[in-house]
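First the structure, in the form of structure tokens, and then the observations on it.
Each chain gets a letter, A, B and C, in the order it is written, and its residues are counted from 1.
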Amino acid sequence: MNGRVAAALALALSAVFAASVLLPFGSLSALFGEDRALATALVVELRLPRALLAFAYGATLGASGAAVQALFANPLASPDLTGTTSGAALGAVMTVYIAGFTAPIALSMGSVLGALAALTLLLSLAGPKAETATLLLAGLAISALAGALTTLALALAPSPFAFYDAYDWLMGSLIDRSLEQAAFAGLPALLTIFALLRLGPALDRLALGEEVAQSMGHDVTRLRRQVICLTALGVGACVAICGAIGFIGLIAPIFARRLTRGHPGRAMAAAALIGALLLILADLVVRLAPLGRTLPIGVVTALIGAPFFLWLVAHMRWTLRA
Amino acid sequence: MRVFASLLAASLALAAAPSPAAPRRVASLNLCTDELVLMLADPGQIVSVTHLAQQQAETPLWRQARRYRRNDGSLMSVTPLRPDLVVTMGGGGRDRLRIAERLGIATIDLPFATDLGDVGESIERLSIALGRPARGAALLRRMIALVRSRPPADRDTIWLGGGGRTVAADGIEAQWMALAGLRQRPLSGDRVSLETLLARPPSILLRSDYRQRQYSGGQRWLAHPAASRLQGSRTVATDGRLWTCMGPLLIAEVARLRRQSGR
Amino acid sequence: MMLTASGLTLPGRLFGASIAIAAGELVCLVGPNGSGKTSLLHALAGIGGAPGTVALEGADPRRLGPALRPASLTYLPASRDIAWPLLARDLIALGGGGADFPELELAPLLDRRLDSLSTGERSRVLIARALAPQPKLLLLDEPTANLDPLWRIRLMALVRSELRAGNRAALVAIHDLDAAARYGDRIVVMDRGRIAAEGLDGPQVAQIFGVERGDGGWRELKPGADPRSSP
């Protein structure tokens, strides 16, 4: 990714971040006129955490999506298609609603463990050199199982609100999250992203094939373990606060690889920026769409992502034929 | 009776409650708290209720609710209205209480009622927070009167909603029914099958009319030919909206049910 | 000897193999399918963590990290599959080397995507990746597969000249016995996970392959025939 593109992406990201904090502007400026302290507090305590969460979650999905795709040498491996986000949601729900540990740290740990379990299960089911079909089937199986168990847990949970909270867990929500929550998701997310970026060169070499990468001195088993643990940490921390949001982890790396001439490892940085951009935009749609009801953010990302996914499948088939 | 005792205790607490400075801009973020706020606060105190409260299909207080700005249940949507008290229930992943605290907005978080005592407690807490203890006390007196004058709960009843939904024999719905002399039959699970209704019809079938005109899977269930062949039961219709929140709006409904069954 | 290795073992595939290669030597590794040619290359390249000792100019190359490894040895697998649509020049660059090889005529291919190249063109690009770091030891698995006869000759000539120029060595696994004889300074025969023979003339070679030399090439060995007697 050359400097100009990086600068353009950073600029676009700053612009939408600012938009996310400032819009809707009318009510904010009106409030500013009446009660300046409250208006400032509104921006700092409500809008800012929301924008920060969208940034952190989107960037994590992008970077870890690119990393997992590099690891499995497959452009369709992504946190949602491989069941990572579903597993994280299940871990979180089990921890809070069934086991009863409601402390934020317990929630995050439950979510991270759920993500780790899902990824480990994927690896043992599909194997590291899985064909696309096997990988997708295993991921589908894991997502389906995790989703069903999550819904079951929520239906059986003692709390009367569990079932209403299901929407937030399964389709994501950034509403009314505090700065503390943003930190709880954001700090592990940043750690994950920076640690993953350092694995970029190794993941690029993995593109030559696992054996060649080993012959070049890379410990592929260790690399695999690192990517999985980091992805579980970042994705888990974000799901614990915002629920499972899909498609960003699939689409962002695909765009990113176009900017890096196909290098899967180098693409992680671009994927993080693009993922953050996409999720903030999705959240803007949620907040500004004049529908009278609140759309779950996962619905918006699916509406953006699914047609793109269809196009990708058609395009892959068309290029193979050509 | 435990419920009675806790209602009485709540009433006494209200009688002794000092009247703090009453909040003047109250926002409610949940349908059930909307109903309580609409019943206990002065109209001039309320600035916002949820959009659900303004729908006729959801609550009998809808017309009253339409006087106020509607919110989407989020703290972010009511903050521009500069509330000085926010009333919440539930909320899952949202950190509203902490954020409101930092914004300098008072909050009161009510639990979802699991028995009549909870209803009394919520009335008590909210009416004190609103600076209207007298109104809370009045509602509680009506509830206590209802409890005192309850007939024996000896009519075998099944509460029936869309999709065959029914209620637990030991839940709060059954407690309200008991105040009308109706005993909810213990059933396994939260649904009753048409077979059960046909084979062992209850003496009273308490049918909720919630969203009766709207198409839904639940309504289709109720339209099953077998459902219309239920004999041996007396069907009594009840306003389904009241059974969402199980709050004090049921006081009047219980009185009506008593009259209907001649008690 | 530039390279000495002994006791290389991979469970089920390689049983304590040993090999020595001198600087400037092109050794061809032959053997039937499943004889362990690829496994031996893997063991030398540090793939799969095989026990055994390897000394390349006195040091164990398997201990080197990614920064120093390419200068020491490179490995070219038999499989030509690359998962990502990289440009040819980027793929070669990933190998860590800087040399280029006009003999391979890669100039028109460099800015094209790998998946748009023919199998032969892709092979040449992948070979360039392995050659570019100009390592002390080249480990090549079937480098001539997918190449036209002309390119086969050119490639092996290039490898040869590379070895001579830098006093380097190469171990090349190859299927075709004639090609092995033509290109290799030495031939090592493997059978069932072990080094079985040197050169193609010994009696065991016929047993191993099930073929014998006749005029005009190889022919199937008749069971019971004495491979030492002339046809």
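The rule we apply is simple: contacts are C-beta pairs under 8 Å (C-beta built on N, C-alpha and C of every residue); 3 or more make two chains touch, one makes a residue touch a chain.
Here the structure is a predicted model, which is why all the values come from computation and not from measurement.
Undergrad: Quick check for you: compute each chain's CA centroid and the global CA centroid, then name the chain with the smallest gap between them.
TA: A
Undergrad: Could you work out which chain's C-alpha centre is the most distant one from the centre of chain B?
TA: That would be chain C.
Undergrad: Using the average of all C-alpha atoms in each chain as its centre, how far is it in Å between chain B and chain C?
TA: Measuring from centre to centre gives 80 Å for this pair.
Undergrad: Chain A to chain B: how many Å between their CA centres?
TA: About 39 Å separates the centre of chain A from that of chain B.
Undergrad: Give, as an integer number of Å, the spacing between the C-alpha centres of chain C and chain A.
TA: 43
Undergrad: Going by the contact rule set out above, which residues of chain C touch chain A in the complex?
TA: 42, 45-48, 64-70, 73-77, 79, 81-87, 90-91, 94-96, 113, 115, 129, 139
Undergrad: Taking the complex as given, what residues does chain B use to touch chain A?
TA: Residue positions touching the partner: 51, 72-76, 79-80, 82, 90-96, 98-99, 102-104, 112, 114.
Undergrad: Where on chain A does chain C make contact in their complex?
TA: 73-74, 201-202, 204-205, 207-209, 211-212, 214-218, 257, 261-264, 319
Undergrad: In their complex, what parts of chain A are in touch with chain B?
TA: 27-28, 30-31, 34-35, 37-38, 41-42, 45-47, 50, 160-161, 164-165, 168-169, 173, 175-178, 180-181, 241-243, 292-294
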